[in-house]
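Submitted below is the structure of interest, expressed as structure tokens.
Chain lettering (A, B, C and D) follows the sequence in which the chains are written, and residue indices restart at 1 in each chain.
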């Protein structure tokens, strides 16, 4: 479950230009690869997933498991380079941007067909954009078209909600023109998200793709999303055995790019981490995601390949400054000294060394160093329990009681073992003079609902970036929302300074300025301390020794097409 | 059937070689950790064809154990059986399980006290009767059923065919006992042991069952060993009586003799504790003091001494120097007592159920 | 016999009604009431209103209960808040696995339990006896999930002798007709598939079987000890029957009466979801489904499954009861 | 009620009835007295008793016995993912994933685990007995009502029951105790009702009734005391199951949310993550659970045998 970031305007010709150049070199790579592209070796790969996909229509998806699968079935117009967060071409060989940054002309790969035989062309592209834009009813619910609403805003029949998509036109079969209402840095980068994959218009038509039923929280999906997801990807959907949590994909024999090596991939749901590991060791699966850090070494010694991703995430201790209607957060947390006490109390070095895998980094602000806008020049709070206690005493809040929420039944890329993390931090805090009351809830939906509704005093939460953009991190957390406050998660956190800084950075004309502005925003945030950034942790995949070609992606956007097994 | 019985009669007529000879039979129960208990202690007796003897005594005197020992039905572990038991001259003590199983049900049979618990509740009467016939007379299903019906009829169960299909709980107490007897007689055994066959039954039924036994035995020349505490039964049925106390035979006599002149104070006591019609009303019964539990080990002296009115110091070994022996006491009588009763404490014979007719 | 069965069936009615009331109450008592439970905490007031309206939650409680009952009788327990599929569908998909597992576990438990119990009783006081007694006590004292983990660690992971999770090797695309995988394999003549499914039952089956095994050993032992001291066994021996006959017809037949009850009871318990074992072995049965429902707070699943399982448990007991009647003539006539 | 459940009932009732046979003059006590006399000669009972007593003492004196603070993450800085410092000076059994002394946690854990067991059992026993008295003493519709209710409880498999209840009450240790307690109720209810019926028809009770003694007085002066011994037996046995069930529930994540508080079930559950390279962390608490459960079972069984001649062999 990724969390969302509200849309922001941004004049981003720079992004587009860089993208273009990449497109150039990337496509040459592709040609080179083409010669070698064979569909010989084959074999079946069984991959252990941590959970069932919600369904298989990425337009309605927002969770990692859904995306992992749809990434294999579908292509987007753009994608990211293997192993990085940078743009690369996909169904769009390249694109140009009009001077005003509102009109994007995509030059499409030709001779591409969807798995059901439908031609992929400019009409198909527009059909997809129009589909998203014309969602009605339940399809508009935030739990359905999550990413559309994050990136583009509203729908055709919701004129009051701001919306940056204007129109899509096919100038010819191989050329689609997408027009926006406003410039935004998210576009076209966001087109790398699985939610904006190209899906077969005929198949969606045939299987009633947009016909959601049920209710906001228990959506019931149409046949398309459950049995007939149809894309242009290297694999095609074969079957989904819900009883045993097994999704089976088979190689797309007429894939337009290099054909997949594997005959078949089976994504098998094994919710328990230990079971996943033991299954790999027992050989009944060939790999799985979210390896428990404790297992890195033993798996490595056992001859498995542990593939850590670059940490592109943040774990933080959320502080609820209170004041949210219907919640009873501890008002003392509005006192900056108390928040600082929290920061000083936590021994992040030990946490990073002892609880997180090698390669994890201590976080000094709310974004990983690899994101533009990160700076080491922020107020840092090194482990100092004495100081924490002193600050607490000054604030007259010694032994104040905090309801500390943590999730159960879950392992997140940025938080491998919530229980352990909770125990260490709460010990730190107790030693520093806080009194902790533990509250644990199942990750989804209870925990997320509770903390995002501001019911906790302090809580553990984190974020994995969708693409390389500072706003995707701190904007998500601390930018003012429609109601002028930040997320309820942080309580009645209203700091105009920070809001303005973010808006400023967001609207900055060029990359350099934007970087500087974001650095400033980071400084302000770390002075105000709406939460305590803790760590960036490298989540890892693991595969059997005979599996090759799986490139870990910082965005967890792995592509299984180049993967081979058994040779 | 008739063939089987006539065969029985012939043996009965052919000389009086005893069917069963028991010599110095002793049974000792040993439990881990605890001192063993001597249940039967040097018991000897014999039964001739057609003869009926009684083993009489209070519960716990060892009479039932004796019968089980004869049948070889005592549990294997924790029991030591000594002495000798011969059936038609064949030694049974220490005989193999196979041998015993061949004899049991065929040459020697037993009728037990509680007919309900002695019948398998989950198996029809038919099966329980026929299984003996199949086992020992190698009959096939049909013959066996015929025979079984015949047997039931013989022991006086009306509408036997229907009964064959019924379960024990569907029969009355008397019927059950009759069924049991039918089974025990299925192979017209040489020896029949009846262990308190009537105790669990109503008085009227008791009489019928005893009558039945009497007829069957007389008809066939089967040797019958009656085990009972009920002197009435003895009076009604037995030729000779062995009175047991604390695992030993303390007095042996021909029936009338015994009732006329009980010699052992215990025997006397038993007789005296039977209510009688011919004593004036108001005369109190004279029960024996205490209970069988008060017995002392024979090694220390007469086990009955603690309860005995005529008991004296020399009843104890340490005084007399020897244990009390079982000695001849007139024709056909034996007695184990140093201070026997001079005369019968009471005249005549008791009037109770099954009194001699 | 028929009257006996009918009477028993009638006796079920109050129990089943009571059950439904209990679960109805449970659902209403859930945090935020049934609507919240069904829709989740993020449900908007409109959603709730819509739901309440749909399920008549604004009507008097008794009406609501009757409606609930009506739906339950039509096997309609709503839809899973996670998969959005009908609870009944989910159940039917999961149940065959649990049945297979239960059957296997009970075969283990009975196959070992009765002989051992019998032996222990016949060799009363011997080392066999004492070890079986200690063993059966241990069997009950070991937390199932710990045992399960250890079994997997040793036999699936370290030794790699047996599969440690799932119902069938996913690489083997077996055709599934009935969802009873072993059966399917046999029906479709895919022997390897059947065998594979069977092998997948071994470890969870053993883990699941231990408690019934322990209990069956104890009951068998006790009841054989009772029976061998019964008069009718002495009678049988007095009849000079062959050892085999005595054992078969007079000892075992009667000794098994109480054991059969235990077996039925245990089967019922296992059927009602081996939550722990199935979780450890990632075994796609009712138990693991319950586990998932707990961690997803999928109340419709919980409520539906628990109701179905409880009813089934009661029915199993009824069957046990009837079989008891068949085995023991004394019950029949009463 | 069906026979299978019925069978369970009969066993309980039988036990109860036997308590009922006790001579009226406050015989319940004398029976337990003689039972204890027998127990003293029963090695099984002694083993059980020793185990139980030892653990109770450990729980009672945990602060004195534990070498260190069970919460102190003493060696956390030496912990690395995939490697945990082993046993060493001051840490006889080594440390857990968070560098806490395992021995101390086991010792303190006994408190939590036993407390959960005892409280839930006592709770279940009290409620159950109350129901039983209600049914047994007043009979008639009260009896039918209570017993039907109990039958319904019996018809829901224990773990399912516990799960639904702790789901209902949310995740905290009190919910845990209540959940387990409820699963215990039916047994005790039947038990007490059974012995009450046995008592009610006992000559003594009839006699006192004939003398016009109030029913309530008969119940409390006579019936209850006599029903005590079977309740003690059942209680001992229930303690074992309660402790195991508690472990199961915290394994399912329905236990005490403050997982740093040492409790065997939670320790066992959290150790699963390191099972591959540090199985001891799972085995130690598991052993504690097994031994204690075994202790209570042995004690209970021998108690039952002592109280009930039929069981003796």
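Criterion: a residue touches a chain if its C-beta (ideal position, glycine included) is under 8 Å from a C-beta of that chain, and two chains touch if they have at least 3 such contacts.
These figures come from a predicted structure and were not determined experimentally.
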With centres defined from CA atoms, tell me which chain sits nearest the overall protein centre.
C
Pair with more cross-chain C-beta pairs in contact, given A-D and C-D:
C-D
Rounded Å distance, subunit A centre to subunit D centre (Cα mean)
48
Could you put a whole-Å number on the gap between the CA centroids of subunit C and subunit D?
24
In angstrom, rounded to a whole number, how far apart do the mean CA points of subunit B and subunit D lie?
52
So subunit D residues touching two or more other chains come to 253, 272, 275-276
Please output the residue numbers of subunit C that touch at least 2 other chains, ranges allowed.
149, 153, 157, 279, 294-295, 297
Subunit B residues touching 2+ other chains are none
Can you name every chain pair that touches?
A-C, A-D, B-C, C-D
For the complex, give me every residue of subunit C touching subunit A.
38-44, 47, 50-51, 79-85, 93-94, 97, 149, 152-153, 156-157, 160, 163-171, 173, 179, 279-282, 284, 292, 294-297
Subunit D touches which residues of subunit A in the complex?
273-274, 277-278, 292-298, 350, 353-358, 408-409, 417, 419-420, 422-424, 426-427, 437-442
Which residues of subunit A touch subunit C once you look at their complex with the stated criterion?
44, 46, 52, 143, 214-221, 242-246, 248, 266, 268, 270-272, 274-275, 278-279, 281-285, 408-409, 442-446, 449-450, 453
Touching residues (chain side subunit D, partner subunit C) in the complex:
1-8, 148-149, 151-152, 155-157, 159-160, 163-164, 167-168, 170, 240, 244, 247-248, 251-254, 265, 268, 272, 275-276, 279, 282, 286, 289-291, 293-294, 297-298, 301, 311, 313
Footprint of subunit C on subunit B - complex, ascending
32, 68, 71, 73, 77, 97, 100-106, 109-110, 112-114, 117-123, 127, 131-132, 135-136, 167, 169-170, 180, 183-184
